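This is the structure I have questions about; it appears just below.
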Amino acid sequence: MSPTQLAIIAGIGPGTGASVARRFASKYTTILLARNIDNLESIERSITDKGGRAKSISADVSNPESISRAFDKIKQEFPDATCAAAVFNATGPFVKKGILDITVEEFDAGYGVSMRGALLFAQNTLPLLLKHNDLKSEDHHPPTLIFTGASASLRGNAKFSIFGAPKFGLRGLAQSIAREFAPQGVHVAHAVIDGPIDIPQHQFFLKDKPKSESIDPEAIAETYWSLHCQSQRCFTHEVDIRAMGEKW
Amino acid sequence: MSPTQLAIIAGIGPGTGASVARRFASKYTTILLARNIDNLESIERSITDKGGRAKSISADVSNPESISRAFDKIKQEFPDATCAAAVFNATGPFVKKGILDITVEEFDAGYGVSMRGALLFAQNTLPLLLKHNDLKSEDHHPPTLIFTGASASLRGNAKFSIFGAPKFGLRGLAQSIAREFAPQGVHVAHAVIDGPIDIPQHQFFLKDKPKSESIDPEAIAETYWSLHCQSQRCFTHEVDIRAMGEKW
Amino acid sequence: MSPTQLAIIAGIGPGTGASVARRFASKYTTILLARNIDNLESIERSITDKGGRAKSISADVSNPESISRAFDKIKQEFPDATCAAAVFNATGPFVKKGILDITVEEFDAGYGVSMRGALLFAQNTLPLLLKHNDLKSEDHHPPTLIFTGASASLRGNAKFSIFGAPKFGLRGLAQSIAREFAPQGVHVAHAVIDGPIDIPQHQFFLKDKPKSESIDPEAIAETYWSLHCQSQRCFTHEVDIRAMGEKW
Amino acid sequence: MSPTQLAIIAGIGPGTGASVARRFASKYTTILLARNIDNLESIERSITDKGGRAKSISADVSNPESISRAFDKIKQEFPDATCAAAVFNATGPFVKKGILDITVEEFDAGYGVSMRGALLFAQNTLPLLLKHNDLKSEDHHPPTLIFTGASASLRGNAKFSIFGAPKFGLRGLAQSIAREFAPQGVHVAHAVIDGPIDIPQHQFFLKDKPKSESIDPEAIAETYWSLHCQSQRCFTHEVDIRAMGEKW
């Protein structure tokens, strides 16, 4: 029997993470990592309804023990598994605060999710991704590790450093991982999401705007899937993503 | 009868252009623009053999009259056509020369292809791309205009300014076009090809290297196709592309 | 009596920090912040020998209490002081480690100095910098806050994420601070030091190289001074710095 | 007798070029290159009034013959001269036009000044700059070649490609020149001027704005001078410059 092929998605809320999980569940057994998994039932069901397999595991990505426990569970349940795709979609709080008003706790928390969390996620998924590389099936795609960034990854705006400075750091980390692991066949990518995503929580400011000004989370998921389908002789490390109507 | 949907590819040689043409020919009537079309027969045949339609037209992209004549032919033969995808893959000479040895003619020629050529190609395809936007079919993809760049688009190396300076310029031009036409629904993208492409002309230096260190032109074509398939609510403007074994 | 004008330099070792301190001491009372101030005597003396004033204060920039204590001392000793220039030159460890070998402690420590430290330094100096803005003397330069970055601030190399990822983050933070405080007249700058600095600790690998391949720390100090002398109508936010013989 | 040390400034109007010329004339015999030198009398006089030496020479930087003639005149009048500093401040027209409205002539003209002009200027000044390197005086600064860029060098805005695309190209060219000639001791720099400069022609839109929102041309000149004063062990290749009140 061939080993289980996993897609491991960290940072699942009602937004991009859910769309990404559903997209990758069309081919892989999908692990949903989130701090609070109480609300993941509907996502799981939307996957199983289509014949897919999904499993939610609670994890605080910024906490080494919590992440270790989550991956122990994964290995216990799927001892022979490889990881075909791992998506780090967790993000620190999007808080607007002037420099003089930021508390150390807030700043640390932003780092904790976006940078320490990304490192821990990479450290736990990379061995499984490398293992996936050994599989040789006909419809095999290279093991893929994707990090979700934002326009704040490239541009430090006034009063957005709690969110933005760690996003810069995550981008640097993603490049380091790519330069170390691409030669071993792992596709490491960083997506710069530039603009608001059309998810329930954003409706308070999106509801009066045309659809062409917000990004479709299903389309982000499709782009991540396309990255995953790229050949080892054609890796894209960075993509930007924006709605046609976005000013940039 | 529904109008003919064109893919117009400029800069067809035995390399990327040919692969891109074949890929887009799976759905669209494909126009092959090249300075010398004598050698395009085998590409045309590889398209028609699979049931596709292709037409080669001779054009010097740097020459306004030549480009006009080529598009007049297109409009004459396909009077109702829209353009689904336009790919500018032409490139000036890849010559290594120190600053003091560059002739004005050489520098002008690099500009002529990579910048003036790109402008002329955009000016001639954009009206057809906008027209495509009006089509509403089930499997409709947004009209797409892709420019092929290189690592030299981002980094001015010593002795490569004949090739590189216009590649910087092309990148700036592509951004301007994107910012003007994305709000009108045209997907404008720029691809940074970072590293050698595995095409016949490169074998003299690639033949002793592992495949993992050169880019597969078929895979580039697949990535361009993925860009074309993105929704208007998820446009990627820039992708980088490199083989897993590339140092960067 | 006019208030004391301070230059506060964080991250003083035998290298750039010392040179910067000496340069700014030609005009300002200079505060030397370092974790270990035992070895700062010779730097202090080189300043006082030339008629300058310098004071060393022990501080761990990554530690909020330690930084608070240091600035309490500054305010106690110089109750009416303004800060003319503040330079954050502290840096986390320059350790080479593959992703799978990095410990959370190491990664946190890199963040602690380069990002949390930079935030704390900014939070403590900005009020004094803003105060300096009110001074109107003939030879007045705008209050200046400079952060020292590295080539790793722009490029995530394999096995250098302990050092590099927080340097990316610091760069993002510096941009946010600039965009918030430049309109209030504070000059915020970020210097990308690209290449080895000619300081005692680097002699083990520099000693056989020509001087033209290493950066002169006195020259870095002079460049920082030039940034400080820029008018409020001509702020440079980012400079790169490298020796003439550096490959880049 | 020691040889004449020249500063050669291309692109002199009533703005930045004039300020730069005056600044460098404090030490060097200054050559003013402009298409129309009829109006350079007052600049020349402001230099000679302070005891400096200046000479205006008519030249169209985009025209190889015109540039050759200008440098022939320089060599005739100053046969033993070296060039201490060369500043390329010429710029194509700042015209706003949508892609479909740009004429080939306009696009070529933008290239002609910003790219071909920059190449010709570099080709003609570099031999004189290299020669300057041989001088060994006490107050010797490294030979310096500076190119004036703009925010459009980094960002392709809608409808600004006539101006912007060649500015991208110029930036790439400047990098190539730096990478080739810095190892030979020539300091090559590129300045990104981000925002309006406070010069007479801009008063129609600046007159109601606070001074803090426009760049002082004298301060740009001072920054260029600071670049010139950098040591060969501390070259800055790129600076950005903006007024404290600039949004960016």
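Letters A, B, C and D mark the chains as written, and numbering starts fresh at 1 in each.
We adopt the following convention: a residue touches a chain if its C-beta (ideal position, glycine included) is under 8 Å from a C-beta of that chain, and two chains touch if they have at least 3 such contacts.
Note that the coordinates shown come from a computational prediction; the quantities given were computed from them, not determined experimentally.
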| item | value |
| --- | --- |
| Maximum centroid distance from subunit C, chain identifier (CA atoms) | B |
| Distance between chain centroids, defined by C-alpha means - subunit A, subunit C (Å) | 35 |
| Gap in Å, rounded to a whole number, between the CA centres of subunit B and subunit A | 31 |
| Whole-Å separation of chain centres (CA-atom averages), subunit A against subunit D | 46 |
| Subunit B, residues touching no fewer than two other chains | 179 |
| Chains grouped in pairs wherever the two touch, ordered by label | A-B, A-C, B-D, C-D |
| Contacting residues of subunit C [partner subunit A, same complex] | 64, 98-100, 102, 104, 107-108, 111, 115-116, 119-120, 122-123, 126-127, 152-153, 155-161, 164-181 |
| Complex contacts: residues of subunit D adjacent to subunit C | 142, 179, 182-183, 185, 187, 198, 211-212, 214-216, 219-220, 222-223, 226, 229-246, 248 |
